[in-house]
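Same chain, two partners: chain A is paired with chain B first, then with chain C.
Showing the complex of A and B:
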């Protein structure tokens, strides 16, 4: 079996449509993961021991079980309870929630790394809880978090093909549909792989540069 | 729930398949991690470049795409794998790429003086890594390897998409047979969680064992 440019060009328009969905899913899911992750991180520092234990085991449960099965549960089970979401919404929700348990660790580490004196300084300025977070803690905690958060963005991007399993026509499913109707497997699948490489290698290099930059600033 | 429990024989089959898939791909991934990770710090540029190409290729393209490529595209060139082998190769190669970074990081974390000391003892490069560098690098690697092992277990669910009859695949069968949705998936979710928690525990025990040896060494120095 040889590479055929004809097939490659034939499948490109469908792949282009799939790329749009892939990018949309990545962006929405990552925003959700960041917001939820920050929320979890802050809640995990709560004074209530019960809340901390419940949160710990909930996030561990989500982390230790496959995204694919979580996708199936949300996609197949919610309609039984009268909740109808589009496949895309289900996929983004699951990806976002799953990775929020990872980003929460990044946020937690970032917040922990803010020296204790900063909390005390905020207190001595008579800042309330909200002002302390907004003006003192987060501005110092966020810059070192950016490289790991960027890495999770890349990871989420590479997990989007799983959405194909719940009928979201993103890049991978677009290629698979073409393959199944034309019996051409080589070109569509190769193009999908190449596309992922084209996006993820430069972004990995970029993330590495970010990491170096933030490290230098510290010194 | 009763209907799902009635399907326990295939749930057990699925669990066994998932465990076999996990163990075999973990062994492959570990072997690749060391080969590629050590190649990254080789003296020879060509070896380093090849290792980087491997790393970026398998880390950069999605695991599902790699799996489909191995199972559906390679047969067109006359390279046939059964589903389980294709799954093991795809998962092993993918996680091996991530693992190679752990090995490289672990080896680089070993102090320079250790390299110099083994040079002073006139150790050959093989002896130097086998007896001095790697044993000290392993305790650093274990926690991260533990995280990757959980990622690997989760990735095995994806192998159900290339027709491997693992837990996820079995849940689908039960769903079709019983028309229940929540129960079968919930049951396998719990099974995955139990397997993962056992793996976490095992890695914890191994980590403790290695760090205990280390503490003795440090105590000896004092």
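Showing the complex of A and C:
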């Protein structure tokens, strides 16, 4: 089997469409994972023991089961119970919720790292809960979280081909469709791999640089 | 003069350890009080209870003739709500051993932000007050520095300015020089001495600096094992301690 540039150029327009979907899915799912993760992290510090236990087991459950299984259940099983999602929506929901259980840990660690004295200083100045979070805790907690959060972004990006399993025509499925109808696998799949590398490697380098920068920053 | 602070049979334990045992204490409005005694004797806990950082197990604490940890609802005394605590906190300010400045804000932002958020002042009022206070603590040239660019002594002076900016009726100083290198202690104590002399704010300080306690305080309390062993004017207590425990404690400082 030899590399054919003709095939490579032939598949490119379809791949380009797939790339757009891949990027969209990554962005929406990661935003969901960040917002939800922060919410989970804050709620996990709640005074209510019941809430903490429920959250603990829910997040453990989500984290300990494969994404592919979760995608199938939400996309193919929930409709039996009257809950329908469009493929793309279903994909970003599952991906976002799954990774929110990981980002929640990043947020929790970042928040835990803010010294107790900062909470006490805020209280002594009579800041309310909201003012304390917004003005004292999060501004200190978030910068060190950026590198691990960026790493999860890259991981989610790399997991998007899973959405192909529920009919989302992202980059991988676009290539797969071409391959199946033309019996050409070498060029489409190589290009998919190359594309992921082109995005992943610079992002990984950037994440590493961020990590170095925040490590140097002394508070 | 009225009592601004009253502890009525207040007890507090951390697990097995009883840090306050049926403590009674009265502080007059405007009084400057120094709390001395061995570590773990409950001095700091008194300040932390007043700042609402620590709850009490039993007894009553009053600030400005109102219960701090309780409130009266329909003539019934019930545990204080968050709202009540927030109202009471408004009258009290605290300076900590570890400064606890906000590291992501500059010195002047540290002093301005609480005024704007809590006291609802506008930017220029808050700035004016902050600049006045920086002048008082002798750091007018450092207002735009971040805490990590300041020495420990400078950070602690900013922390004092931050607490003062809120105009508290009661100021609490919790071992404010204990975390400082010895050469930085004096600059902080100088600010506090001046403050004690010029202001009619009620001040409580926990300190291991006996000379400072002598200058600062109208009254010195010697604490041991959760109780007041001896109390008196600095002159009496330091030169003529009555109790054996006070004597043996003070000997270590001479």
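Operating definition for what follows: the second predicted complex is superposed on the first by the 218 of 219 C-alpha atoms of A that agree within 3 Å, B and C clash if a C-alpha of one lies under 4 Å from a C-alpha of the other, contacts with A are read in each partner's own complex, and residues count from 1 in each chain.
Simple rule for what comes next: a contact is a pair of C-beta atoms (placed from the backbone, for glycine too) under 8 Å apart; a residue touches a chain by one contact, two chains touch by 3 or more.
Every value quoted in this text rests on a predicted model; they were computed, and no experiment measured them.
When both complexes are superposed on chain A, chain B and chain C sit side by side without a clash.
In the superposed pair of complexes, A:206 makes contact with neither chain B nor chain C. In the superposition on chain A, contact is made by A:197 with chain B only, not with chain C. In the superposed pair of complexes, A:66 makes contact with chain B only, with no contact to chain C. Applying the stated contact rule after C-alpha superposition, one finds that A:124 touches chain C and leaves chain B untouched. In the superposition on chain A, A:139 makes contact with chain C only, not with chain B. In the superposition on chain A, contact is made by A:189 with chain B only, not with chain C. Judged by the number of chain A residues each one touches, B leads among chain B and chain C.
In this overlay, which is a superposition and not a single complex, chain B and chain C have their closest Cα atoms 29 Å apart. Within chain A, not a single residue is touched by chain B in the first complex and by chain C in the second. By the touch criterion given at the top, residues 56-57, 59-66, 68-69, 72-73, 76-77, 150, 153-158, 160-161, 168, 171, 175, 181-182, 185-186, 188-189, 192-193, 196-197, 200 of chain B touch chain A in their complex. Residues 115, 117-118, 120-121, 123-128, 131, 135-136, 139-140, 218-219 of chain A are the ones that touch chain C when the two sit in their complex. Residues 1, 61, 63-70, 72-73, 76-77, 80, 158-162, 164-165, 172, 176, 179, 185-186, 189-190, 192-194, 196-197, 200-201, 204 of chain A are the ones touching chain B in the complex. The touching residues of chain C, counted against chain A in their complex, run 51-53, 86, 89-90, 92-94, 96, 98, 100-104, 113-114, 117-118, 148, 162-163, 166.
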